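Below: a set of structures, written as structure tokens.
After this come two complexes, each holding chain A, first together with chain B and then together with chain C.
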Partner chain A sequence: MVGIVGYGAHMPRHRIKVEEIAKVWGADAPSYKKGLMLREKSVPPPDMDTITLSVEAAKNALKRAGNIDPADIGAIYIGSESHPYAVKPSGTVVAEALGATPDIHCADYEFACKAGSEAMFVCLGLVKSGYIKYGLAIGGDTSQGAPSDALEYSAAAGAAAFIMGTDNLIAEIQETHSFMTDTPDFWRREHEFYPQHAGRFTGEPAYFRTTMGAADAILKKSGMKPRDFAYAVFHQPNGKFPMRVGKMLGFTKEQIEPGWLSPTLGNTYSGASPMGLTSTLDIAKPGDMILMVSYGSGAGSDAFIWKVTDRIDEVRDKAVRTRKLLDENLTYVDYGTYAKFRHKILKNE
Partner chain B sequence: MFPSRIWRDSKHRYRLEAGKCTKCGKIVFPYRLICPECGHREFEKVILPDTGKLMTYSVIRVAPSQFTDQAPYAVGIAELENGVKLLAQITDCDVEKIKVGMEIRIEFRRIQTDSHQGVLSYGYKFVPKWY
Partner chain C sequence: MRDVAVVGVGMTKFGEIWEKSFRDLYVEAALAAIDDAGVDRLDSMHIGCMTSGLFVGQEHVGSLMADYLGQKNLAASRVESACASGGLAFRQAFIEVASGMSDIVMAGGVEKMTDIGSDGATYALAAAADQEYEVFHGATFPGLYALMAVAHMEKYGTTREMLSAVSVKNHHNGAMNPFAQYPFEVTKEQVESSVMVASPLRILDCSPITDGGAAVILTTVDIAKKLGKPIIKVIGSGHATDMIALHSRDDITTIKATMVAAEQAFKMAGKTIKDIDFAEVHDCFTIAEIIVMESLGLYEPGKAGEAVLKGETGLEGSFPINTSGGLKSKGHPVGATGVAQMVEVVKQLRGEAENGRQLKNNPKTALTQNMGGSGGSTLVHILEVA
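The block that comes next holds the complex of A and B.
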């Protein structure tokens, strides 16, 4: 059997409220909050980036994995659309920080918000084939939305890490399915700082069609129904979309809520559904079935069915829980501080 | 910062790798070739613990050019659980609220950003321990 041996998340402690952003741009905060079902988002301080978030999330995954030797990790794949370098891998820094070098394979993945689940899929495959003993898959981002754009209210920071292996599993993989088509709903050209999106087109033909395509196919493949699952985690570009797609598929609010982080976290892009899976595992019971479906613009979804094992009770509190990072020890920043943190202010070099 | 120096220091800056003298047990951080305690030349690799107590600190209000954006910020010395003392920047906190004796946790952060073009340097910083 193949599956998750350890998992962990990390996020900044800083938050900015929708009201604070709306105030600067003369926008109506209540309509944004209602439309996006989102109250605030995480803001990374200047000394935090996709690499540092990945290292901390991976350290939490190692704590839950027990006493595995980092040198036994055969691959580290980091999915992100905000790798700190345009040329130079994030993975090698993370591998060095964990003590997993030099006998290792590293690659950085990109696929809008789906890059993290892509890393998970590849690690599962490599472990299953026997090429590697453990594979570390990370989804993390410090995303930026253009000032005053709707995306600015949601683009946030966070990361989740999963160590895949074959024994001492926390969750076994039961089924996977991926669904992709060429759908230009969101993009960023080379050398551009902020992404562009196709407005309302990002909803129906993109997010909903793709997420449902992957979910319907994996349900059919596995012969399972929504009621067979304890929980479901969907990509969360805002608070509204994952709840709506879940209900369209026949899942209840109770099944979705544990992994529904976006109302106070925002959209952590490649980290989004992976982080939702970490907070769901934090409260899951042995035997629970969990459906996870990512979504990345451009467009595609990776779907996974996980079965939680008895080992979950032993390991969940070996590292900090995702909800604790989300709800406690917060620092709210004003727009000026946020603009400074995110390098939105023009300065002389 | 020179890429060569980042590369040379990465073992201790990235993963807190220290050397423990195989003769007298002294832990040296960063790595050394000769034990300052007993002159022995053999060390075993140990990874330092990631929590400790702040022993002293200083608030920097007039910062060197590459850190002006962060001022005011604090730099402190913490004693880790195994007695090793470490100097690092204290991040994610209001400098007015720092207290000697407070518990800290070590986190991996960006240490220095060399303009828009340069190499990024990473390493350890202290954050107030809250869980």
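The block that comes next holds the complex of A and C.
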């Protein structure tokens, strides 16, 4: 059997409220809060990027994996759309920091918000084939939203890491399915600071069609119904979409809520559904079935069905729980500080 | 002039129609109108389209649509008068058939507005205002109509509640229109708590950005009889312009172009507003419907808002307005709107309006009013069951 040996998440402690952003742009905060179901989002401070977030999340995953030797990690894949370098991998730095070099395969992935789940899928495949003993899959972002754009209210920072292996599993993979079409709903070209998006086109024909496509297919493949799952985790570009798609599929609010981080976290892009999975595992019981469906603009979804094992009870508190990171020890920043942190103030130098 | 009748109508579903292109939308509506009319040829075609160049980068619309409609070498043109382009296409077709120049003419309208983002669409629509004196200084259409609303409120005591009543009524009607973009009801409370766009206009006071096409076929009454279709005669047509910039007008609480076009249409028809049973009017914003009701002479200035509140313009009222849902609920693909109004009044006059919105008083005479920009142009038509 193949599955998750260790998992972990990390996010900044800084937050900015929707009202604070709306105030600067003369926008109507209540309508954003209601329309997007967002209250605040995480803000990465100047010393945090996708690499440092990945290192912290991976360290938490290693803690839960128990006594595995980082040198036994045969592959490291980081999915992000905010890799600090355009040329030079993020994975090399992270692998070095973890002590997983030099006998390791490394690649950075990019597929809008589903790059993290791609890393998970490939690691599962390599472990299953026997090419590697352990694979480290990370999804993380310090995502970009242009000043005053709707994305600015949601684009947030965070990462989740999963170590895939064959023994001492926390969750076994039961089924996977990937769904993809060429649907250009959101994009950023080389040398552009911020992504562009096509308004409501990012919803119906993009997020909803693709997420539903992957979810329907994996339910059919597995012969399972929404009621067979304890929990479901969906990509969460805002608070509204995952709840709506969950309801469309027949899941209840209670099944979705444990992994529904976006109302106070924002959209962590490649980290979004992987982080939702970490917070769901934090409270899951042995035997629970969990459906996870990512979504990446462009557009595609990776769906996974996980079965939680007995080992969850002994490892869940070996590292910090995701909700604790989300809810505790927060520092609220004003728009000026946020603009400085996010390099939105350009100096002529 | 020969007597002219509308013998075929067709339209696409209005909405954010992502899977259909500019040409697809037009051809779908045109084929539906041809099927409905049962004609086997067209002599010419006029297409209302406001700004396909800015929306989809396509000009030379007449040739494109004739080609994709399979009408090689057809005399086809695109006519433009901002949001009144569709109404103008109808008038051109009417004149052509009435004059004896052609026997069977299509008047169509189309706009594909969602291939660009909302900023791009706002810019494209603003091209209907005065670029140098209005747009350059930051004016947008919600802003211009908001100025008209404020002026109307100050002069006549028109209230927030009256504006809301227009939106509630039109959504109620549109909820019964299978072609509407937003076929659902809204409440007064929803209208009044919706996002502010340009005070006092909220989002539920504004017509949406829409993709869609509509087409009708005009011919002589003699040919119409041979086709065996119900004869809906075009008995009046009026067309007027006014100063394009709002600040150049003597009075921004009325729309002079509508008053003049209506006078022309009534004179041609030998009718007055009292002879009309119902109307489709250009409710691009809720305040527009109120002002247009007064400019048509249906109500004294300052009295229209109260009439909407009392339900006089509802489906069961004394003078139903926008039985289709209007631009507000049905949607507003700018070039298609004037033609889609014709589709609705023809359906009503034939007794074919869907889902319970058919008027029950057996209506005989209908009026359409379609305007461009903030009232810089207006087309008024009167149709009657022969």
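In the analysis below, the second predicted complex is superposed on the first by the 349 of 349 C-alpha atoms of A that agree within 3 Å, B and C clash if a C-alpha of one lies under 4 Å from a C-alpha of the other, contacts with A are read in each partner's own complex, and residues count from 1 in each chain.
Note that in this section a contact is a pair of C-beta atoms (placed from the backbone, for glycine too) under 8 Å apart; a residue touches a chain by one contact, two chains touch by 3 or more.
Source: prediction; values computed, not measured.
Asks: Between chain B and chain C, positioned on chain A by superposition, is the outcome a clash or a fit?
Replies: Taken together on chain A, chain C would fit alongside chain B, as the superposition shows.
Asks: Which partner reaches more residues of chain A, chain B or chain C?
Replies: Of chain B and chain C, more residues of chain A lie in contact with B.
Asks: Quick one: is A:205 in contact with chain B, with chain C, with both, or with neither? Answer first, second, both or neither.
Replies: second
Asks: After lining up the shared chain so the two structures overlap, which partner does A:13 touch, if you call chain B first and chain C second: first, second, both or neither?
Replies: Only chain B; A:13 stays clear of chain C.
Asks: Between chain B (first) and chain C (second), which does A:48 come into contact with in this model arrangement: first, second, both, or neither?
Replies: first
Asks: Pick one for A:31: touches chain B only (first), chain C only (second), both, or neither.
Replies: After superposing on A, A:31 lies in contact with chain C but is clear of chain B.
Asks: Is A:344 contacted by the first partner chain B, the second partner chain C, both or neither?
Replies: neither
Asks: Which partner does A:311 reach: the first (chain B), the second (chain C), both, or neither?
Replies: A:311 sits against neither chain B nor chain C.
Asks: Once both structures are aligned on chain A, how many angstrom separate the closest C-alpha atoms of chain B and chain C?
Replies: Minimum over all C-alpha pairs: 31 Å.
Asks: Any idea which chain C residues touch chain A in the complex?
Replies: Residue list for chain C touching chain A: 16, 18-19, 114, 117-118, 195-196.
Asks: Can you name the residues of chain A that touch chain C in the complex?
Replies: The contact residues of chain A facing chain C are 28, 31, 196, 198-201, 204-205.
Asks: Under the touch definition given earlier, write down the residues of chain B that touch chain A in their complex.
Replies: Residue positions touching the partner: 10, 14-15, 17, 47, 69-70, 91-92, 107-111, 113, 115-116, 120, 122, 125, 130-131.
Asks: Which of the residues in chain A come into contact with chain B in the complex?
Replies: For this pair, the touching residues of chain A are 13, 45-49, 51-52, 55-56, 59, 84-85, 93, 96-99, 320, 324, 328-329, 331, 340, 349.
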